[in-house]
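Paired with chain B in one complex and with chain C in the other, chain A is shared by the two complexes that follow.
Let's look at the complex of A and B:
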């Protein structure tokens, strides 16, 4: 019994660290609707700054001052990012701010290595709390007890701020109804900056408080951001109390789960999230969001390509098909990679732009396609059969994921797809007998004509063109109109007899199959499949390509994919600081093209025609 | 500094390809520079040092085209393809992660390019997934497990527990260690196992779960930030008191140094005690390295240095850049490493580079290895019959 009590206490300490980060994320989302991908980067910055400050400031007093100063400095950096970057893109379509924070995250990972060096840094222990305290027959670190007390203290302080200060009242009002608060004459600008800084302060504090127990390193951000987001979603977006309860839930389930299944940490948080979302579609303490007002709608009505534009598109494809005449084998392989990623991005765009369904786990279908193709090859099938096999497996996955997902909406839906992808990822990772685990499946090289760089490129290009045509036709078919009706006004769509859930489900399957085809091509391009085809970074890549291209367009992802992928490949070649440059590039593009590259260009074009 | 600047020029590819009296041989190099700078920075310095020495010795000059793989197999393949198809390199070398190494090895087989894997530890790269084009420098996972299991068998402990990262490296390290230990000590039982995700160790609950099983000895395979968390939390919670700990890689400066005065004491580890190896070969290397960079080498430096020396030796012996000739030259070739002479075996293309096994201690506020001995890799490699069974026929 004693042991279980001690394990419970230990779980509470883990929960406290998780809560600090998650509460900040939740606050920021609640008010500004920003999916702050950079929250992990701020957590990391807090830890690095705390390291430097505690090394400089001497004495026990200096140590604690250093931790708090680090959090304050991080909050200052956060406020700066908000004022200089995010303010410029609040008017952009939903989720576009995510792209900006993603750029900041990429930069941060390289910047901390440049500033603090590549080695892990071990900070000093917390003065006064170095040792352990005997409790329940186990020695519990005094620092853990401090964290256990700190969690509820921060929760209480946040409650006081939110309920007993004018700032808090405004924050709650803005969480409830942003437009109304603005209409009443509240300066939203500084409210947003204040909330963002407060949220980042909590992230920085969370990072700084890891100093006595962790090693400060340049991968800290990724180790925390996804889990923090999961906690926020389980708790209910915007709910600080929810974040607290969810952090305790996840940490305790982990502490006791590993006693039965020692490998469960890999996927536990996602399993919990999936289970919670199936039962409670808005998290434990979240409330149903008011129906979105017509703000995310495309600026112009979509039209199928006219004769001129259609001819131009055909010419463009023809020009691309001539590439083998001038390009060498390496350039062709890169071009094939860009083309298949364009297909992948287009499939997500269909889901996001036409269906209004955001997926944070689109790699699930890409990876299923890749593994489907690999299994088919292992079963002795040739490439022409393995490609559709990959697409089929992905479509089946989409049938399963879509069935659960279409019951949800907004970020909850997006996070459920992420959970689906992560569960698949950990399956591929763990099921070594089937997938080879992280050593992957090798030797999938195509033979014959498709085995030549030019042949493979032309095949990929042809499938991209076919996928593009198919997805566009779908978007402009009666089905597509119904899907768009469900996106723009779900209640009215249902009222005129559209089965909203069903047509959304079909959108998942169509997008899943297209992504699966891209994944199957990827398996043959690389001759191998690894679990990272299912992993979060690939899902983010897809999201970045769509947002960069323009979420308000039908096929802007094509341009986003070409721009992002070619920049990424080129930068990897040119510099070890590719993340820094790519991140900066994204930040610049975000500011220059607030509706995405294709979206902004199309706007300009339309305006000129009107003028 | 001369060779440093030269190497920098070579990396940037500014030296160009203009026909000179002797056109240089191009080597394509790939590693996880942006993902694992703590290991790959010293590694890069190591091969740059060796490159300078090789080119200073005369003969046909060697030029290196180096690429970052971002820690991902797919990106490594893009880089490999660029180096082979566009730069026309004579051979590929490098890589850190096992899955990246395997992906590049598979590419090498497909394109019939010579590949010298520097760091990947998985057994598969020379055994179950072995291929004629691929050679590997570092002692494999199994070899290091065997070295540690040999020491572990001497401990009185009978009840063992393991903590290992939840991926192929951790899983196979524990599996091989168990297998070898049980052969020597049939009385050993395993009472607990924890598999935290790599990089995300939640130290408190994991340590309590291990302690609850009351093991007499602990096998640790975590490294990097996870190791730091394990050590700090474990010390506070008294996990290591009265228990023996056997730990993979912990004696490598990359992982031991950051721990400073919190480094664990008395752990049986593999590693690289650069401060106390008094062989002439190592002293010469140490002096040259410190002179070139003003800092001491890490294990990555030795790996980078030796990989480059081996590549140069293979090129010199082959006398051509034809892949078949390179494979023939590499099989059975002897190379002088800072750890002493090594041989690349013909049967499985694995080098006989070994590792140092010793105990950790704290000296002047820093973690060090003491009572260590060099274990020659040749003594821990599978014999020919075993290899024939495990490795696909060429």
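Let's look at the complex of A and C:
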């Protein structure tokens, strides 16, 4: 019994940092509507800065000053990022800011390695709190007790700021109704900067406070951002109290889940999140939001390709088909990879652009496709049967995920899809008997005509073309219009008799099948399948490709995928700092092309035609 | 519509004891009324009287706590909006909502798709929408006077035109009952009369029953056959525009006795 009480206290201590990070994320979202992916990077920056400062500033007083100073410095960096970058993209389609913050995250991951080196850093113990206290017959670190007290203290301080200061009143008002606050003549610019800086301060403090407990490393951003997202969504976006309750819940799930089965804890958190969202679609303490702005409403009408554009597209495919005449095996493998990623990105674009349904976990379907193909091969099926088997497994996964997802909207929907992908990822990781776990499934080689690099490339290209045609025709069929109608005005769509839920559900299935086909091709390209085909970075790749191409277009993801994937492959080969360069590139593209590459091009053409 | 059968024929819409409470406060408290085919009925009342809640219950957005709604004798209480559309209810919203990323014609085509007998078409995946129901779509647009705008993107429309388009969308499924939440809100005064004349014409010619809420009393008294007044969740008056205008209780509700 005593052991469990001690474990409970450990969970509470972990909840403190998690709460700090999540409350910052929640505040920022509530006011600016930015899903700040860089929040994990700021947490990491806080930890690294705290390491350096506590080393430099001597004495017990210096240590604590160092921690706070680290958080303040991080907040300063955050304010700079807001003023220099985010201010330029507030007017861009929703979620485009996510891309900007993702670029910042990529840069940060390489920057900390440049400055602090790749090794884990272990900071000094907190002076005055080095020892432990005997509680329940167990020695509880004094620092943990400090953290346990700090969580509610910060919650109280935030409550005071939000309810007793003019700034706080504005923040709460803006969370409720942004337009109204703007109409009151409040300088929104600086309100946003202030909130962003406060949120980042909390993230930085969360990171700094981890210094005495954990080693500092350059991958800590991703793990914390995922947990923080889960906390924010369970608690309800924009609710600080919700973030606190959910942080305690998640931290305790971690503390006790690890006793049942190591590694199961994150799955537990995601399962709880999924359950909460099904019962309360806006989180525990979140309120129903006014209908979210549709994602990137296109400024021009969508049209099926005309004769000229169609001919050009055919010529482009023909030109790509000639690549094997000039390219070697390596180039062909890269080209095949780009082509299958383009198919993957197009499938997400169908969901996002036509359906207005943003998925943060699209890798789920990619990975299911890859594993589906692998299982088929293990069962003795040849490649021509294994590819559709992959697509089928992914489609079945989409039937399940879609059933839950269509009950939600906006960021909540996005987070549920992320949860789905994470649950699958953990399953693939831990169900070793079925998936081989970390060792993956090996020996999946293409057969027959597809057995050569040229043959495989041509097959991928053909399937990409077929997928492109199918998804476009679907977009311009009555079904696609109905799906778009549900995106434009859900209530109106229901009032004219459109079954919004079922239409959206089927969009998940169509997009899932196409993504699964891409995943199956990926399995044969690499000859193997690993759990990372289901992991978050891949989901983010897909998002980046869609946003880069232009979320307001029907198939701009094609261009986004080619640009992003070729840049990534090339940079990986040319430089050790590929993430830094890629991140900077994304940031520049975000500022230069807020409608994405294809979106900007399409606007140019439309303008020229009118002129 | 022959006036003779009025008494015996079942009403188009029969609402009986509709009620809804929010946290102990009764927003709508036992509202009952009936609507005949071809009749234009206005539901008015001061802010917070419960009009919106009443409308949302009739439109299927909120489930009532108590009460029954019957459409042509069929119990439709608590049906979701999509099913109500199938049962013959067309509706327009206070803030006009059309499908902003499409042309005017595509909007109407899509609304026609939701019409009974065409549900299957939605699931015929690869046939383009282009030619679907083009002729009835043109006819509908002609009827609301928007044929010339058929090819324009909805995003470009002036608000008044958007309201008219929304009316066309509501008519697409040949409804028996039209629920219009503030049909002229946000429109220029000149356009209001035009739209309401169109609504009254539709009711008269097709025998469609119309229930609408409205803030503009000129619109109400010029175009409604009958007026109901809601105050604090209860119906306090009901009758011809003239009778309601003269009702002392109604005058009291509307700011110190000035005629509403």
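The criterion applied here is as follows: the second predicted complex is superposed on the first by the 602 of 611 C-alpha atoms of A that agree within 3 Å, B and C clash if a C-alpha of one lies under 4 Å from a C-alpha of the other, contacts with A are read in each partner's own complex, and residues count from 1 in each chain.
Keep in mind that, in the parts below, a contact is a pair of C-beta atoms (placed from the backbone, for glycine too) under 8 Å apart; a residue touches a chain by one contact, two chains touch by 3 or more.
All values derive from a computational prediction rather than experimental measurement.
S.K.: Taking chain A as the common reference, can chain B and chain C both be placed on it without clashing, or not? Answer clash or fit.
M.R.: fit
S.K.: Using the superposed model, determine the angle chain B, chain A, chain C defined by their C-alpha centres, to the nearest 10 degrees.
M.R.: Taking the centre of chain A as apex, the angle works out to 160 degrees.
S.K.: With the two structures laid over each other on chain A, which partner does A:433 touch: chain B (first), chain C (second), both, or neither?
M.R.: Touch partners of A:433: none, neither chain B nor chain C.
S.K.: So in the superposed three-chain picture, is A:326 touching just chain B, just chain C, both, or none of them (first/second/both/neither)?
M.R.: A:326 sits against neither chain B nor chain C.
S.K.: Touch test for A:494: chain B only (first), chain C only (second), both, or neither?
M.R.: So A:494 only meets chain C here.
S.K.: Is chain A touched at more residues by chain B or by chain C?
M.R.: Of chain B and chain C, B contacts more residues of chain A.
S.K.: Which partner does A:474 reach: the first (chain B), the second (chain C), both, or neither?
M.R.: Second partner only, chain C.
S.K.: In the superposed arrangement, does A:183 touch chain B (first), chain C (second), both or neither?
M.R.: neither
S.K.: Rounded to whole Å, what minimum CA distance do you find between chain B and chain C in the overlaid structures?
M.R.: Shortest inter-chain C-alpha distance (chain B to chain C): 35 Å.
S.K.: Using the touch rule from the top, collect the residues of chain B that touch chain A in their complex.
M.R.: Residue list for chain B touching chain A: 33-34, 37-38, 41, 67-70, 72-75, 77-79, 81-82, 85-86, 98-99, 102-103, 106-107, 109-110, 122, 124, 129, 166-168, 171, 192-197, 199-200, 202-206, 208-209, 211-212, 224-225, 227-229, 232-233, 236-238, 254, 257-260, 262.
S.K.: Which residues of chain A touch chain C in their complex?
M.R.: Checking each residue of chain A against chain C gives 294, 297-302, 304, 470, 473-474, 476-482, 484-485, 487-489, 491-500, 503.
S.K.: Can you check the complex and tell me which residues of chain C touch chain A?
M.R.: My answer: residues 59, 61, 80-82, 84-86, 90-91, 93, 97-103, 106, 109-111, 113-116, 119, 121-130, 132, 153, 155, 166, 169-170, 172-173.
S.K.: Quick one: in the complex, what on chain A touches chain B?
M.R.: Checking each residue of chain A against chain B gives 3, 6-7, 10-11, 13-14, 110, 113, 118-122, 125, 130-132, 138-141, 143-144, 212-215, 217-220, 223, 227, 251, 254-255, 258-259, 262-263, 265-266, 328-331, 333-334, 337, 429-430, 432, 437-440, 442-443, 445, 453, 522, 526-528, 530, 532-533, 569, 572-573, 575-579.
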